[in-house]
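Each of the next two complexes has subunit A plus one other chain: subunit B in the first, subunit C in the second.
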Partner chain A sequence: MRPAPFEYYAPTSLEEALRLLSEKEGAKLLAGGQSLLALMKLRLLTPTALIDLNRIRELRYIKEEDGWLLIGAMTIYDELEQSPLIRERYPALHEALYRLGDQQVRNRGTIGGSLAHADPSANLPPVMVALKAQMVAARAGGGRRVIQADDFFVDAFTTALEPDKEALVEVRLPPWPRGSGGAYMKLSKREIDFSIVEVAVQMTVGDDGGVKEARVVLGSVAPKPYRAVGAEEVLAGAKVDEGLAARAAEAGTRDLEPPSDVQASSWYRKEVSRVLVKRAILKAYARARGMEQ
Partner chain B sequence: MSQELRHIRVKVNGQWYEADVEPRMLLVDLLRDVLGFTGVHIGCDTGHCGACTVIMDGRSVKSCMVLAVQADGSEIMTVEGLEKDGQLHPLQEAFWENHALQCGYCTPGQLMSAYFLLSRNPNPSEEEIRKAIEGNLCRCTGYVNIVKAIKAAALKMSSSKAG
Partner chain C sequence: MSKAPPEIISLYTQDSSALTLKWLGKPLKPKEDYRLVRGRGTFVDDIQLPRMAYMAFLRSPYSHARIKRIDVSRAKSMPGVLLVWTGDDIKRRMRPLPQATPPPARNAIDYPLAVDKVRFQGEPVAMVVAESRYIAEDAVNQIDVDYEPLPAVVDAERALEPGAPLVHEEVGTNLIAHVHYKWGDVDYYFQHADLVVEAKFHYHRFTGAPLETNAVVADYDERADVMTIYCNNQAPMEWLPQLSAGLNMPYPKLRVVTRDIGGGFGTKLINYVYMILAALASKELKRPVKYMETRTENLQAAAHNAERTCTVSAAVRKDGTVLALRMRCVDDDGAYSRHEPAGMTVWAQVSTGMYKIRALENDYYAVFTNKCPSTSIRGFSRAPHLFMIERIMDRIARRLGMDPAEIRMKNLVGPEEMPYMTPSGGIYDSGNWPEGLRRALEAADYWGWRKRQEELRRQGRIIGVGVVVGSDSAGPNMAQVKMYNPGLPYTGGTEGALVQMTPDGKVRVILGSSPQGMGHETTAAQVVADVLDVSYDDIYVQTGFDSFSSVYTMHSGTYGSRFAPIGLSAVYLAAARLKEKLAKIAAYLLKCPEGDVVIENGAARCAKDPQRSMELRRIARIAYGNVNELPPGMEPGLYSLAIFRPPFQNPDENRRANLALTYSYNVHVVVVEIDPETGMPKILSYTALEDSGRIVNPLIVDGQVHGAIAHGVAEALYEKYHYDENGNLLNPTFVDYLVPTALEIPDMKVIHMETPSPFTPTGAKGMGEGGGTAVQAVISAVEDALAPLGGELGESHADPETILRILKGAARGKSEV
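And then the complex of A and B:
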């Protein structure tokens, strides 16, 4: 299986890449290639040109600034998965990376490529929404804008990035206060498969044990990450135990109408959603209270 | 659309090679068809089986999921690079001794994944070994003996270093 012919560019600066993107009609950015090359081999995509971002060093970093964690779009999963800072501060993200594809995919795939691709079953989009991440988009000429994760995912395989103009250049994770914790859970047939259902939870708990803020986000159940607002409302102000977590999970998944496909029926997805949301809430709560790693 | 050829240089198993390739050529085809490293296997061609795994600049990658032009200037190691002067690598010996292969089709990829694991974790747990080869499918042996072999190789390598 070979891709159809295309022109190949390997710019070494972001500005040059953005200029090529705006000038070359039908061109696509190439990040880790772990989705794009597969689609091109199947001839589902036939871009006229590829603009390879892999030689742009300025897009590969993990750094702290004013309590925020800034991640360059071309940072590979493995580097993020190995980062002690992420493991400690954003355990939901760490777990999502640990459960993403296999080692070879994690050695090549990038955070920017995954989020721009916006697969409804991908690991990272729900986590970004749960963590209230910000996406930085850039276009030729120096124009930049910040997009909230809640607004970034628009539909299946569709983001708020302007096609053929904008690239995702940075992901910004806000500091979560003391007393915060998170969890990510995924059900898949085999470890390397995409999820049948996945859930990311992030919350902050006060000294009295009451939930101050909670975000519960599902993946694989809708065209874009699904905020289980019903669950978040039950959690607000509450002290979490088994019963409360079960009630929150019930409320958060009641209105779900997940798709049926070869992997699972709609009924099964909904049932598993309820179970995983409950478990992830209990885990995130325990972590927020410092009771569990 | 006519394809402009690109001149690239890659270092494979310690030796530099040059080639003119179409941008759409996959790294696995460069290694097998142009440079003759047929130990790199193609099982699925879609990124799912891991038979084509090689080490590229220190990291395991599926060579059917990388373009040859992307490897320009890179250092690659294939299964052929494990053996040195007629002496099998401890991983190869351990696979042999532990019956970690039957048909051998997946073996080059398993070895490369194991090589990457041991390059940064010389003493992996069973769970870490299983995690490290989850992208490498074996349809014959099952994974028990492969896991055993990697564990044995790790032991052998660390004791030979210590001694």
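And then the complex of A and C:
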């Protein structure tokens, strides 16, 4: 459990970190280290250099701006989980954080680290897609661009960030109108595990009880977050009850071809995807209507 | 009690007359905990020696492959690398490890580093010793091996089929041993049974997952020509022959030391292979060599339990009386016989389980496969066997429409029959088992749950209730190994202890055991305090084992739940003899008839004249220093050494023998709820009744019950090794090998009965392993939940997918493949 030799840099400014990233071939950015260091200790990853972002204060914040919530990439899970703003406005994100790893992981792991790592079973990616989050990428010299969550996750462990050039520096959560609610559900054998299946639902419901907008996103069932578009279509305009939620879940998971691994077969993932989507829809709907916290 | 001076081999006696019962049974704070909870334990990795070098291994990525070529030149030339060895280097330095198996399995050639061939994934192929562990691991990456992969055999039953790939060509078969057991007139009972219930069960592969992995520091002192091995082996004396042969050093030159050990659970018995390699390297380099196993190495290649597959038939009367069992079992022992096939005999300690079953036949096979070698993981061999019996009891109950609790009550051995001899010659020592079952059912509100189960089922909720009785048969009679290899010169089950009152009146205790968190310092001190009636705080028990100072036999060590029945008996005997000597000296000094001397509260007094009294510490001072005051001819000093020897015998020609000294009793009642849509099980209620004889320290007994339940719940619901058909272990890290956390372990209600064992002087019974009762109870509860849907579990592990498949009727549980 010892990593192969590597160089180590601990810049104190973002610009310095980005410059190092562009200069050092085979370097990797070190955020909370909750995935990267484990992979290095198993020698599954052997970066030539680590650029440690933990001393860059400017990357750690939660702030409001024009109704948006802006989160610095180096903000740790625990801080996010404790945030009343997130708990009230983005309950799906709060639940995903609450059910992420154990306290030790939540004390070290960062939102940016998790999203840039893009593990297909990680808690946060599906939530970001459900919430229509925006990812801000930066490169040396001050270049910045905004990437929609839908486009950010490209494949397993692969994002739209340009390798060796760009770093994820900020996550922006858009305001959702009154009558919105969300839910996150995860199925795993142990609480601290990566999910067998997870689902994030975010929706807006009109005063008449009809769904105005819904986003249903699954994790652990595909190389990247899976938009259950079929479910979203069934939900559009509908008033949600048990039967409708079940129909939406059926439609949303019909085309799934999830992977098999040591924890669960493809068959099982597909079965429980349907169950979780149904339950998460009902919960998000109740929250959107103010029926349940 | 013998009046002779301390003798080396004491004869067994049930005499408990030296007990005062002032200190036994009290929840005294464990002596070890004060240092352990402050992080002040001394584990192997805490040992730092000058000029220490570090060892690392290259391990096989294949489960079965020929080694065509190994190129170590690049690794050898790296700065800081001190030594690189392959199997050929080891072969030149030692003979193969001794094999306890009968022919032809005995022909297997086993070296600590693979020679010519690898036989399981993770088997060490080469080793590097370097100035640091980092350098050692970097060098490991620079070793090139050319493998020729071979077909693997991963299924124990297929391993016996003709044409199966051979794990050891020199054996000519994958069969390690075959024993046909037959006790009682099985054929008669099957002919006269009202019905025969049959099923096949698989006990799955897992491990004990201790906090501390295997570790060793070997330190060769060239000037003294002494090899010191700091290790965390659970039974160093059991393996001293291997070490002595491997290192070609006599026992008095070979010092094996254990200190604090971070859990063992049976996984730390066969780490002698690391001990030999570190010691050989230390001798070569004349420097201390440390090895600390990584977690992945531990999970992949250290020690698994043997999987067991049995078909079980039960001859049953309509009224639920179980008359006889007929079984065929196959143990999958993995690639090498380093501890196994002991499991193919150890089950017979509890041959007929807790029941008055009159006859039993078991056609038993143990085989090699291309998987990690197996050892005695907690509940060793008896847990899987009791699993088979408890599962078939549930099936019988269902066939007869009886309640699972009722069929158990009907067949349990009764208190009037104790001590009860089983058809295989086992002697169950004591207990009121039906009463224990009644109390556990009541404490768990069993009948209330049965009613609620019906009501909730009508609401669509799936509830299961499991009730299981079990035993932790404890203090093994090693002669059991003669049942598969009559030639083995290894019988009985003994342990030593030294109790010394030092000249200041304090008491020093040295044990033969090597505890891994069982609290031996505490319970030994309680027994000594109880016998001598001195303060618990004045007793100092040496931590761990040291072959240069501990009192040992070849059975010494901590395994098989043996300390309470055997280790503490040695402590009792040594303390009782010391008390006798103190009384003798006091009688002389106080001019009091010897029979009138009372030893109490740290002093000796004359019963007839309480004025005539003397503190023990004064006697101690006299015994060592002022020796002219001692009775004429008496040997000075207050050393008392004892070795406890239970009245064990070898199996007779029909393999009948009592194979354990005590038989604790436990009843677990578990309620589970199954999510009907996901198959996810959740434990709603857990109740355990424990009768482990006289309780020495209730904190320690409860801790063992909690731990055994946690392990059992883990095995039933979370921990399972998955090998693919090529022998690749698919979950060798804690990401995928799911050790439960505190969040997964249910609240438990633990209640006690206390029936002293007549076979131990303290009345205590062994109980630490728990007998696997928790595994059986959880599986019983899950199957109970599925039964109305026609579902049956064929395995000791139930994951949500298996459960959901049964619920969906989509397929039979995958465990029944």
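Assume the second predicted complex is superposed on the first by the 293 of 293 C-alpha atoms of A that agree within 3 Å, B and C clash if a C-alpha of one lies under 4 Å from a C-alpha of the other, contacts with A are read in each partner's own complex, and residues count from 1 in each chain.
To be clear about the criterion, a contact is a pair of C-beta atoms (placed from the backbone, for glycine too) under 8 Å apart; a residue touches a chain by one contact, two chains touch by 3 or more.
Keep in mind that what you see is a predicted model, and the values were worked out from it rather than measured.
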item	value
Touched partner set for A:E191, first subunit B, second subunit C, both or neither	both
Touched partner set for A:E58, first subunit B, second subunit C, both or neither	neither
Subunit B versus subunit C as contact partner of A:V272, first or second or both or neither	second
Contacts of A:V262 with subunit B and subunit C, given as first, second, both or neither	second
Partner chain in contact with A:D102 - subunit B first, subunit C second, else both or neither	both
Which superposed partner A:L50 touches (first subunit B, second subunit C, both, neither)	first
Footprint overlap on subunit A, where subunit B in one structure and subunit C in the other make contact	1-2, 4-5, 42, 102, 191-192
Residue ranges of subunit A in contact with subunit C within the complex	1-2, 4-5, 42-43, 102, 187, 189-194, 262-265, 267-268, 271-272, 275-276
Subunit A contact footprint on subunit B (complex, rising order)	1-4, 6, 22-26, 45-48, 50, 53, 59-62, 65-67, 69-70, 72, 113, 116-117, 131-132, 134-136
Subunit A contact footprint on subunit C (complex, rising order)	133-134, 137-138, 141, 294-296, 677-680, 717-718, 722, 730-731, 733, 735-736, 738, 740-741, 743-744, 799-801, 804, 808, 810
Interface residues, subunit A side, partner subunit B - complex	1-8, 10, 33-34, 37-38, 41-42, 48, 50, 52, 54, 78, 101-105, 107-108, 191-192
